[in-house]
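To keep things simple, chains are lettered A, B and C as they appear, and every chain counts its residues starting from 1.
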Amino acid sequence: MKNLNLRHVVILVLLSAFIIPSLCQKLEAQNSDKIKIRIKANYTKVIGESSYIDITTSARIDKRNTNIANINLTVFSENDDDELELGETITDHDGKSRFIIKDLNKLLKDTLGFYTLSFKFKGNDIYNKASNDVVFKDANIEAKSFTKDSINYVSATIKDVFLDSLLAEKLLNVNVKRLFKSLPIGEEFNYTDESGTILVPVEEGIPGIDGNLVVEVILSDSDDYGTVKALVNTPFGKPVVFDDTFDKRTLWSSRDKTPIFILIFANLLIFTIWGIFIYLIINLFKIKKS
Amino acid sequence: MNDHKIIIRDLKPKKFGKRDTIWTISLIVIIVAGVIAYIDQLIKGQEVTNMRDYALWGIYISNFVFFVATSFVGSVTVAILRLTNNNWRTPIVRIAEIISLAAIIMAGITIMIDMARPDRLLNLFIHARLQSPITWDVVIIPSYIVISLLLLYFPLLPDFAILKKHFKKKKPKLSKLYGKLALNWTGSKAQKALQEKSIKIIAIMIIPVGILLQTIDAWLFSTTYRIGWDSSSLAPYFISGAFVAGVGALVTLIYIIRKAKKLEEYITDFHFDKLGKFLALACMIYLYFNINEYVMPLFTAKEGEVDHLNELFTGSYSIGFWLVTIIGLILPIIILLFKKGRKPKVMFYVGLAVVIGSWWKRFIIVTPTLLHPFLPIQGVPESWRHYFPSLHEWLITFATLAMAFLIITVCVRYLPVIPIQRTIDELEASKTNTKNTSS
Amino acid sequence: MENENKNTRRKFLDKGLKIGLATLVGGLGLSQLTSKANAKSKNHSGETMELMTADGKLIQVDTSEVVEVTHSNNHEHKYNVREGMPNRKFVMVVDLAKCKNALKCQSACNKHHYITGDNAWMKVYKMQEAEDTAPYWLPMMCQHCDKPACVTVCPVDATFKRKDGLVLIDNERCIGCRFCMAACPYSTRVFNWGEPGQEITLNMDMTNHTPSPEHAGMPSIKGTVDKCDFCPHAIDNNELPHCVTACPNGVFYFGDKYEDTVTNGEETVRLSKLLEDKSGYRLMEGLGTSPSVYYLPPVDRLVDFEDGLEDFKEFESVEPIEPLEKSE
């Protein structure tokens, strides 16, 4: 028995050296097959409208970054002490979602005025759990338009709301709002002066419907304040004259706008020819009768 | 009276002999083959043809243009010859009318074959745009069908009456049919007045309608920017081409019918002589237009035009172009200038060359231009740079030609190919003339 | 005797233990193998779907990883489809100095319109007008002319010109006469000679999608004409047409002429300034078609013409697609 015991113990030990790791591996295999998700979040504030966070969830599939749809994220507002659940959001078929902040005052902020919003994904069968957060301070841009010495201007002042201080040396972009991308006006780099203000002349001749132009003043993707956008309606545009060829009678219009000449000539021909046909067929009937 | 009986006996429709039956059956076989090919085209789509995005119109369209051109013979023979008081036309008018009718009906059918969505045919009426040349075509073709029918029918009334009487005993059913079609024709003064007035109106109307038909057909091409089509003289070119095709077809078919029905007494060498001169005139006018279209652009030698013409003169279409021009146009002119060239048998071959030349001429008009777009042909398979019709297209095209022949055959079978009443009238008229002169 | 019994007992136990251990190990090994195999089939069922990423890339994604999402099919327009978006007039500017025949525009257009034929709607021509003049690459698409020859000749109003400048096709009405194709001097229209078969070769899912002239190729219909539509379905979502976003060299600018602004996604400029500075022109201006596409001549080329030759395919503009195998 002794011999057996020793031999068997040795075999057992050797075998367990193989079995136990494979057991552990089996358990781990469940976890390591899941895909890692990345959450990207950007804070944007549009003065006079809303503040929102744009979220994109993506993963690396087949060595390519792909946006993932239908990821359910819970949104929290945090500061050093507390955590407040704000709600949930799900990414759409493009892997994107927009979480609108209804009231900034309801969010938790820390002593320096920083807001922290975190997004947590619980994970599912395919994807690992993940989270990310966005830290920002509240900034305000006040933009207005005026004309001086027959030159049109847009001026904008940016300040930190919590500290109530004007922000100097900030790079602001000034654009005219257009259909796809906005048209930059002013200098390439507009830095705010000591009073947190920029002054940008609006050139003549930019077309706008009824002469209206919406000018945007944007603090783009700043580390502290996120993206802050102010819109100002200005009357500085050149009124657009719309082309009305569509309403005219042309060769290429739809059938309800046939050129008069064709309309008259064609119908005249048709009615004359077929009118004579009717007359001839009547003659045939007359011949039959007589 | 005896003469009348002879005329009726000679000109009346006769039963089909063995040869005629074989002919008809072969036509039907060809038509059935074409129908099967067409059904396949409906199911699979037009990818069964060899048309592709560059050669977007093929022999369906050139066949269509050919039919439209040939249908001009009705206007030409019946109306123009009538209005110019060429009385020798009497024995040939009916055949001309029959050819005209058959051709224009087949034109209407052929263009529908070219439509890739024939299930949406009604859109051409419900959603018609008057600005489009195709809409004008949709108006003019049915109009020409009706006018050809009327042109054929009105002069037939007295003939139907004669045939009704003639067949009363031997073929009562046929006689009844003729009777119905005769519309109670008694030859009364009132009826004759109505008929003559109507024929006069039709004869006058068919000229502008016929010219309009050829013009609109030409405008399908000349309303585009394409080289070879964008010509301000394309419409007169097409009209004179129709003149040639129509008279050529007439000559060929008259010879065949004359031989088949032994009508040598009625359609004489004199008629062929006249027709020959008529055809020569037509060909000479057409040659004039050909020179304008193919030679004159060489003077300004615009790049696109020169490329196009080189394709025709020395390039991939040169064989077709020269065959069509020399054998289909120039040679006939030369032959027809001689009296010997206007003998019936020679005329038959000349007519045949002219007709076949006319068919291929329209292929030369349609295809090379399409393969010469403004921008180079790139990004498509190499086969798309050429076009030769596929089996489906040939089967369907032959079927349309067979259908045209079938319509003609049926008409020739049941209608007197030479107007009986008019022949009788002319005989009477010439008798009274000789009586008057002798007495 | 006892010793023998003991021995056999021992041997029996010995063997039994050995067999037991062997089974245990074997069992574990087998179960591990099968679970690995199962894990594979769970994550990769072998069946893949061809999907489009947000930036127009075509990828193969395992079907088990993809959730069916309804396409945003809000076709409730605030405007008449035949009249177009109010107060807009779309124009495109093509900078020939930047084009090196990358053909990304062509593949994006092909993918987004599910093109299955042999003729693409966006083609890049290799052009050289004369022996002495410089060769260049010419991206060519429907010019959306203001005096469209194709619209003039359509007998059934199937192709129409809109107020916002677009020339579109109603594939439900087209009768397939191809007169528009004969009339177009830019050879920009293609025809569906046979069944386009998009559902089969491209796994196109048409459920919940109503066909509209605003999204050409969804679906393509046998016996009708197709062409570039300036992507109104993208414009509706405030996105630029697919060729504009796909071009890696910023060749295409797109915008509203009334706003006098065009953008290629990166640069946004005044249209009038761009045309004036770079001497923009239109193709075949002398024909009087008045196209909506402007071209900037290939001056001060950013890339050499020869760089594009390697991608030039004289006889192909649509990549042959392997029909995806459906399970069962």
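Convention: a contact is a pair of C-beta atoms (placed from the backbone, for glycine too) under 8 Å apart; a residue touches a chain by one contact, two chains touch by 3 or more.
Every value quoted in this text rests on a predicted model; they were computed, and no experiment measured them.
Enquirer: Suppose chain centres are the mean of their C-alpha atoms. Which chain sits farthest from chain B?
Expert: A
Enquirer: B-C versus A-B: which has more C-beta pairs touching?
Expert: B-C
Enquirer: Closest chain to the protein CA centroid?
Expert: Chain C is the most central one.
Enquirer: Please report how many Å separate the Cα centroid of chain A from that of chain C, as a whole number.
Expert: Distance between chain centres, rounded to whole Å: 21 Å.
Enquirer: Report, in whole Å, the distance between the mean C-alpha point of chain A and the mean C-alpha point of chain B.
Expert: That gives a centre separation of 66 Å.
Enquirer: Indicate the whole-number Å distance between the mean C-alpha point of chain B and the mean C-alpha point of chain C.
Expert: 49
Enquirer: Please output the residue numbers of chain B that touch at least 2 other chains, ranges allowed.
Expert: Correct list: 127-129, 131.
Enquirer: Counting only residues that touch at least 2 other chains, which ones in chain A make the list?
Expert: In chain A, 251-255 touch at least two other chains.
Enquirer: Out of chain C, which residues touch more than one other chain, so two or more?
Expert: 152, 157
Enquirer: Which residues of chain C touch chain A once you look at their complex with the stated criterion?
Expert: 10, 13-14, 17, 21, 24-25, 28-29, 31-32, 35-36, 39, 43, 53-54, 57, 59-61, 65, 67, 69, 71-72, 82-83, 87-89, 146-148, 151-152, 157, 160-163, 238-240, 254-256, 258-261, 263, 265, 268-270
Enquirer: Given the complex with chain A, which residues does chain B contribute to the contact?
Expert: Those in contact with chain A are residues 127-131, 136, 139, 143, 146-147, 150, 153-154, 157, 183-185, 188, 190-191, 194-195, 197-198, 201-202, 205, 209, 212.
Enquirer: Any idea which chain A residues touch chain C in the complex?
Expert: Interface residues on chain A, with respect to chain C: 1, 4, 8, 11-12, 15, 18-19, 22-23, 25-26, 29-30, 33, 61-62, 64, 66-67, 69-70, 92-96, 126, 175-176, 178-184, 206-209, 240, 242-243, 245-246, 250-255.
Enquirer: In their complex, what parts of chain B are in touch with chain C?
Expert: Contact set of chain B toward chain C: 44-47, 49, 51-54, 56-57, 114-118, 120-121, 123-124, 127-129, 131-135, 138, 220, 223-226, 370, 373-382, 384.
Enquirer: Could you please specify the touching residues of chain A with respect to chain B in the complex?
Expert: These residues of chain A touch chain B: 251-255, 258-259, 262-263, 266, 269-270, 273-274, 276-277, 279-281, 283-284, 286-290.
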